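The structure under discussion appears below in the form of structure tokens.
Chain lettering (A, B, C and D) follows the sequence in which the chains are written, and residue indices restart at 1 in each chain.
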């Protein structure tokens, strides 16, 4: 059933005429860090998502799972997973794609010398068995009903078991994707050419992608305006306003990202729920939306007090907390802070929305009596030195198609990224149940319960900001799901 | 009218400065005939240079000129800039005081000379070069072909100045203006240059204006003298008349304040002029000298104007024939006799120097002082004289402890003080004081007079009570003729003479027994020099202090010293009692030095002994007689090969030469 | 000539010594600063384990001296190491292309501002206190006071946004070289030029004035030489000597300016590379860039020094006195 | 002093310069209390308001923050940093340059070598690297690092003027009355070197404003929410088309202050040269 989409796409895609000029999409992206899958920090999505492929991907339009290198999968109660693989697929170096490659990719996550970013997630895997060339069976230590979603993560690109990624992964990336690396000028540009042996017929629709690595978003937009590039992903809201007025250029928002404003609950002042509530009462979602993202609430920017994004099916509609300074002050007084309190907010100053959001929060909270000192650090300093140990933090989180993983990492007692230092038995229990419950309805119920708990007791504000892409109107078919991987194979240029 | 090549008529030059307009040249009229030479004399700031530059039409932008300057009948002030270009360097040439800065450091000497001929006479490059070489030869420069290839810094000051003069001669100008061309040079070099200038004038038949503050120098090159004071001509006339019958009180003072041949402290006290040259505002009338004149009365303001005294002799003093001005010029004041102190053992040496050496530098060594021995008697003045660079200052500085000698001993009383200041005890530091050449630089510009003197008293005489100290300072200031009001002044607010008085007061304030005076008057005008010399002399009579008096001016040394030491290239040439050295000199260098001293009295001109070449390179160690290369009496190989022995004439008079008496 | 050679060797020696010390200081500086490279590389989703593994893999846990030794011994043989990010991609392959671009940019700026500022400086100096002087001086002051990024923004607004003469961003299209895209150099070079112009023309002006007031210029004028001749033959060379030193001393500002304009224009040069390296904490790349800047900067000051002494006979012939 | 005012009267440019400096000093000192908006306050309804609209005299930026109050508030930090850096680098420069020049010999050689090394990195690059790596620029760290970057220049100037003064005879006079080194250096010599040192310090002041602004532009200067002029320019550059004032006014602020200080520095040096 899953094959339909690709077939459809192949039909729509017009055959490339021989004499036609080279169809090229030019992209301005950030300067990449590491680009080898596994340790890839998730920048230059255009490059990696075009060179590599995954077992499955998320359909940017429906949100369903699309088969890619796996044609189908089935599970036995979430414990044993069997994947049927696509036949006749070749890597760019000419070697065949087989079950060995999938096994290699999964086992690579546990390589101790690599520091694979999905290592923890895949620790649940007990064994990977190559059934035949095109069948792989993965056995887990315990049931994980949503295990399959892990294969959509950008670090889980399927790699060739015969290729030396350790020494070539950075300079000559190689996968099965629709485009192949043609020319890489480090820190400057990359040119990707169409993969002539691509398995999906009629795809990709364009001949090449030219990617410019531009450090400065403003410069990228200037390039867009002066017709030197066609696509600029990851733009800021100010830029959106600037671009809005220009003919032939639009801004699209394929999905949302999250910003968690977390309060640390194991020490004063936020160990007292009244203080947390006061803080939440001091916030004004509308102002936050406008100041941070120049957008209206629920029109690009979303706001709730739980770890679940508004757009997900698991989200439970809870009433938006009205701003109430009097109430906030009263709560603060009850908690023993009649004259307000001083605290610190840490954030990564070079992260999009970081500066705007932190300053807005500071201003809003000030009225209720919170005297917040802002501490902005570059992202690495923030993460390595302050994060997880501060009274209030603002941290960016990518969207997850399956929120359960995040819950155990960030909100369960002992979780590695537990910013708030939460260790509530009720909550721990709920999270446990969510990750192992096989029945979807029951799982949904647990999710709702969890969100109510957060609304009443939680140390969290979840601001969802748009991921914005500025794009020429003659580029059609831009697709980018929540996994952040743009799907250039569907794109075309008029 | 055509008798005169240059006629200046009622010339006024005014400068506008931040404290108003002032007159630098005031109503000057002057005629210069063909082939005539006049000398302009006057103290610093009297407007001599300004007058010269006005003739060249080269004045700062803040100048306003009025009057007429006619050169061969053409008023230069009405010339266009273009026309001036063809006059300058071509018809009128000028030579400046400082030869080094007048030559472009980045062009070769040849280039700078050639361009004159090429420009004015449209000569080709080779013709110009030929003319250049000829001009250089005319200035008695050996090896002109070598010189043209060099850069200015590669030749000595004396040669630089001769090159400048040669440059002025290139187009055989009708008029040459020389603005103190020898002031920066040594007497011996000066003598040579003055000789060549005089010679040139005879051969080239040109008119000349020679500016100097030294009458002696003017005497050698000019027949007429113009005396300027504060921008005005106060007296003019043939040099004989001016010298024999000076009319204007300023001229008289100028002549009389110079210590000249034969004047010594025991017999005469120098004349002085109180005060200093003041800038005159535009509207100030009357005699500019009035405020310094001790003979002034009311008419000096009202009836001021030029009077004819004799043929070609004019003076701007209404009272020129007034009876109360004694006609007798050479009247001098007799000094107070030296008091004899019965307790004083004048035979014991106060300071004794043995085999003193100083070598400067590590990599590039400079042998500044090369083994000298002498002693200073208490309550006496030892004058050290010699050319620039011969090691006079170095000797003085070692004695005062600025740095230790490289070798040899300095014994003061009974103690060996061959050490630097940082190792000397307080007593020694107090007993030996140093007065520097440039008073402006030896007084800290940001401290007040009180602090300058007071700090020394506090440090060396342990007077820690501020009130007591202040009284003493006032006392000492009175001794150097300065009032109480000077306490709060800073050096910048004092004139050069006053500054030097403060420096003297500082040294005296702690009653030292020896003061090293390193050319204390050579930066001062003659009139100020006279008062400082008088002061030093009086103080010495009073306080029993001894001086080690360093100067390059033999007249000054002669006037002040009891003993004279002539130095040459780090060595002693001759040493002896003043009269013996002056009247019975034996060393050829002493003779040359004596002959080179310009004589003020035009009737008493003498032949000079010309010294060629320059001091030996101080970076080389010399085996033989250092003077051998320039000596006019050289006796042969021995002079170069062997250092001459000491010839002892009397107990107190000796010299170093292979020639026996 | 012998003296010059001697001086050259002496300077070269001290340059090498400087570089040795400098390289260690740079290394130390970059290494002891806070922030964790491994964390930076792996980003937020890195687990402690992953960070530790990366640190180990990249040799970040070795003792400082060992790492320095490893680094410097590579540098000596011309191997600047690998970028911390792109393993297998040597810094050499990244850096030199950008250095080339920067040199083209710097040289362009240099070729514009040096003659321009000297010319106007001389003009102002010769016309001291006249309107020409006031205009040039004030313009110089104004451009000097505008940091590169401000004048750059102005230039962009006028010449790129409004007039569209030059591109806003200095990007070289993929597959082309800078020579095919020389128009991207113009605006960055101009913004450097503006700042340097102010500085150098003012210096040139004051040295011209002091030379014009010197005794030897007076002497030359009074020799009857025409004014033009005096200015060109007598004054210019002497007045330019201090300017050469000033230009040498201002190479530092030029390099600083280079970083700023490259960042502003997105120019693919060493400055923007350094900025990226700093932002991404790419330690080996920072070290390489700074070391290279140090070398270029020191060499260019050395060249100006030597040029100064070559042009100045007082130094050239020192000791040649007879 | 009399001459100072005489020259001042003759030089309208210098008067303008001094007026601008005084203006900024007043702005920094009393400014924030005179403006109805604070520098961090976000008027979210009036983002990118044009100058004059809604009571925002110089308009607002993309967050709705009042440009005027940010500039005025920014003048505090920039003046503080510039003042402190010029004082620090001058004081340290005097200490280093004086001791090296005064004692000479090995110490001097070591000093010169050290300065060569420090000078081998352009000041902006040096500060940029250090601040960039520190990642946390406060007024304190900015001041310290910019001062360090400036020390070689000030130390060299101090050493130079000391060497000229050292050969003056009043120093010799002080020596032979047995003064110690410190007294000679700081009581005798220092007051006479103040002229060139003050000129250098004012020039440093202008440089450090440029430098702080450039560092702000490069994103390694003062961190938000402290307003920084350089950062304001770069922050608002993306909206230059919609809200040019957000770029223009901070840029003007930088330029006016630097020009004013340069004029002042020129003027001071002219007066001081005369005084000597």
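Just a few scattered comments:
One rule holds for everything that comes next: contacts are C-beta pairs under 8 Å (C-beta built on N, C-alpha and C of every residue); 3 or more make two chains touch, one makes a residue touch a chain.
Please read all numbers here as calculations on a predicted model, not as lab measurements.
Looking at which of A-C and B-D shares more C-beta pairs in contact, the answer is the pair A-C.
Centre to centre, using the average C-alpha position, chain A and chain C are separated by 42 Å.
Annotation: 48 Å between the Cα-based centres of chain B and chain D.
Distance between chain centres (mean CA atoms), chain B to chain C: 52 Å. Centre-to-centre separation of chain C and chain D, using mean CA positions: 22 Å. For chain C, the set of residues touching two or more other chains reads 34-35, 263, 275, 279, 281.
The residues of chain D that reach two or more other chains are 135-136, 219, 237, 241, listed in rising order. The complete set of chain-chain contacts reads A-C, A-D, B-C, B-D, C-D.
The part of chain B that touches chain D in the complex is made up of residues 18, 397, 400-402, 421-422, 424, 426, 429, 432-434, 436-438, 441-447, 455-456, 459-460, 506. Against chain D, the residues of chain A that register as touching in their complex are 217-218, 221, 236, 238-239, 241-242, 245, 287, 290-291, 294, 349-350, 355-356, 359-360, 362-363, 374, 376-378, 380-381. Here chain B touches chain C in the complex through residues 56, 58, 61, 81, 84-90, 93-94, 96, 98, 101-107, 112, 115-116, 119-120, 151, 153-155, 164, 167, going by the rule given at the top. Within the complex, the chain D residues that touch chain B are 3, 6-7, 168-170, 172-179, 188, 191-192. Against chain B, the residues of chain C that register as touching in their complex are 129, 214-227, 229, 233-234, 237-238, 241, 311-314, 317, 320-322.
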